[in-house]
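Beneath this line is the structure, given in structure tokens, with notes to follow.
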């Protein structure tokens, strides 16, 4: 799981819960009917807006975004360089046993195509289509999360309006006014909380992860093409390092000089 | 009818109605003058904004979006492949009896043009114009629904202001204050409800349906062109499968391997 | 006058007035100082924002948008076809008496250029410049109306703030509180009413009318060019029908089949 | 000074002041600490956002926008035509005494370059760079004014929050509540007033003036190039009239027919 | 440190603090739990939205933006001209001792490449990559600050909702109502303050600084290329002055005439 997300979720919930508990009425903040109005309304609007297929795909997309580890870029470069060395020395078929330990399904598929002796163009076409499809799923997930981030406060407001109208009917009992307004405001709180600590940031993370994953996938494609063409390890390394930004390159090639990192 | 829309509308209304009934004053929430202000004001603004023709077309467009079933893509591919086989074997005229059972009017029109022996270019020109016109109608419907989604809360606020000013005139009777404010807030509730559970999600669904329908229509066009050109079933299948995304392709061609579906 | 606008304005005002009268304090809602703040402030901001020339031109532009009747497209096609037949048979000069009854000044100008025997390129250049200038005026009017639609609620809020501050000074007289707040809220009501029922929808209508008028004008240009070139009625009809969308074409050429209208 | 701006500022201030005075507590509305929070906060945010150079340049830019008179376009055409006639007849040097009375510094510079016998390309390069730089300053000024228009209401709200928190501390003295809330709301009033009657409309005017000034400057450039090339008055007039829109052209060439002005 | 930022921060804080102290309850405005909710919530949302690497990089980027002095453009032109003169006269190696006093790491790197005798293309490629990477970091920092500027008021509202709900539970003790609402509003104040005086203006400054720094860096690149090519001081000066806008050029070349500065 992405470390920043873990820290963010943990700290965010801690801050909000501490503020609630510090106020002394924590029990008040768990109000099932209010949760139903906000979450139910939001999900309903999402289902009306999108198709069922799109909405159901959002869960695996978010889960993979948060929990799947991408191979780090330097590691990936090293792996591809190793594969190219093996392939150069012993032929593509010799990669068979190397790819046995690959976890990442995309990398596995790419290397299998190399081992199967497919042509570069076939590899590029097949993998590029997969990348485009991946981006589409991410884009789709981002749009749904952003819609949820807009719908949650709206249904929070709808819930508060229902609560206020109900409360205003019963003004004859003054002791109930405070209680009624408190309950009415809870839905607005839920809506603001869900939107600002869950949906909007998650949509952002999905966008950032999509860029990273696309980059990593494109490195795999370039590496696989290089190996399929029979390029040597040096050429493959050069091919892949064009993808890595100056700063990261330095991180694992410290020989290139240090003044670069000071120019911010 | 689109299954997600059914679920969404049902759940959304259930959540909101449950919250209202749970508050104990459900009767209060049906207030005819308030409905008139919000719905009447919104429709009036829509009529001033758009032309009468555009506004009247919105109802069939939305109805078709929700209730017309599109042929599923794999089914469509299969149908076109069958037609091309028949046409290859027995000539285009032999399709006459096949197209008798076609429900979809667009597919019917396309196949009739093929049976009539029209040239590929004529078929493409005529059907592309139809697709462009279809998109224009969808685009138009989406804009109107989005305008309604913005106008509904605005007229909700206008209604609430009228209610508040009226109520503030009669402060001498304190027992009426709560009642007056409750009535005033009802219009804001109507506006928020209509916008967030009806117009905004419907506009979104129309956009998504428009993309799907355009894609399906383009597959029909490509298929019809292929059959008119006298292409065999295999070529037609290839032509059409370029339109179907990787994931869906797998769903009905499970032989292509499973690792693809894991790369999210 | 555009029929949708008439219905919209009539219904909108009826709904709002009914809601006000139903509340029982209709007199309250006509408050001259509040009208002055909202309308005066909005007009002042508009004058500071735009130049005097632009603001003064908005009235004729809106008036023409609402009250000038455009020739309907089928009628226009028929007229141009007739003119081309006359011109083909008796020469361009014979059109002199036909154009005597033309109401539309743009069509009149175009036909006069044809009668005067001007060349196609001169006709196209002169009329295209006129169309561009027409679009610019519409664009300009739309921008001003949209600015007014944003300024009206802002000055409504300013008026409410003035009213609230004034009212809060005199809290010692409790009977005046309700009255004071009611007066304060009136400006917000005016601002919301003007923006949502007048300026924003009018700006939209202007945009839609601009598209329609541009299309009609372009049909006139194409027709005039055709006649000036000496094209026959059939060619001119074809030239112009390319501008009319599939649906409309059907409406006056019902022989083309009915399945088209079902494909929504 | 632009006449619309004078009218707008005068009417706007009159409306607001009349509303304030009509309420009977005008003195209340001048509250120095509130002015400091809103204006000071807004200026501080502007200084943090932009560089000092950019912020200081805003005053001369706005002053020139409001007070510098541009030569009217027909006048400019006439002047350039006269200069070209003189230059044609007596040589460029003869323009020396004509340009003595030129007020507009840009026109003066352009004509000096002509008198100095510089080549057309040098004139075009130098003056185009000046125009680009002028647009950049206008663009810059517009952005700052728009930022101020967004910052003023924000600091109005911050001031109101400070006032409310302070007031809520002293609820024990009920007579101070109204006074406290009134003071708190004053900053929101200042923010809304400054944004909607000053900054947002001024930013708009700057944009419109920028377009006009660019057009006028480009006419000067074209005129100067024409004169430097030795073109006769007729050619220069034609060159410049291409810049003037159809309507304006009519205004001083009424011979071209009147039906144009009716086609709105 | 950028002088405008110093003035802005100083004045902004002074205005706000003066307003708070003037209200007489300054102690109230420092409320640790409220600070925790707003700042903690905002940082958590930022961590969920962006990756850890991006968020950590924001601090050095902002620090450099505010505190690193860029060489002024005229100074930079002069330096590059001097280096080119030395290089012309004594060869590139003679620059070795000149570059010893260079503070700016980017300029230092560029001149070292020149001294090392690298080719122009290699210099351009390496430095352009560095500039692109610099822009990416700035862009990234700007996005994070803008997100923080949107998240701070949102968490301010969440804190206020928590405070209100808590306060409304305890309406039985009327003396606590004012205190409770005051505490509840503090978080909204923090959010508005942080967004409008810190994050939004800082994001703007970062954008403006990014443009300036990119321009300065590009001047260094052009200068280094010129020196590497062996161009003389005059050519190098011309190369670099193309980057400096008309107004600035005048500031240190007053001989070019004064009327330019009046044409605003």
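Here the chain labels run A, B, C, D and E in written order, and each chain numbers its own residues starting at 1.
Rule of thumb we're sticking to: a contact is a pair of C-beta atoms (placed from the backbone, for glycine too) under 8 Å apart; a residue touches a chain by one contact, two chains touch by 3 or more.
All of these numbers come straight from a predicted model, not from anything done at the bench.
Undergrad: Overlay chain C and chain D by their C-alpha atoms and let me know the rotation angle in degrees, rounded to the nearest 5.
TA: Value: 70 degrees, nearest 5.
Undergrad: Just how far, in Å, is the C-alpha centre of chain E from the one of chain C?
TA: That pair's centroid distance is 47 Å.
Undergrad: Taking each chain's centre as the mean of its CA atoms, how far is chain D from chain E in angstrom?
TA: So the centre of chain D lies 29 Å away from the centre of chain E.
Undergrad: Do you know which chain C residues sit against two or more other chains?
TA: none
Undergrad: Select the category (line, ring, star, complete, other) that matches the graph of chains linked by touching.
TA: Ring.
Undergrad: Ring order from chain A, via chain E next?
TA: The chains follow each other as A, E, D, C, B, starting at chain A and passing chain E next.
Undergrad: In the complex, go through chain C and note every residue touching chain D.
TA: Chain C reaches chain D through residues 33, 36-37, 40-41, 43-52, 54-55, 60-61, 64, 68, 105-106, 108-109, 129-130, 133-134, 136-137, 147, 151, 154-155, 157-159, 161-166, 168-172.
Undergrad: Could you please specify the touching residues of chain C with respect to chain B in the complex?
TA: Where chain C meets chain B, its residues are 2-5, 7-12, 14-16, 18-20, 22-25, 28-29, 175, 177-179, 181-182, 185-186, 188-189, 192-193, 195-197, 200-202, 204-205, 208, 212, 245-247, 257, 259-260, 262-264.
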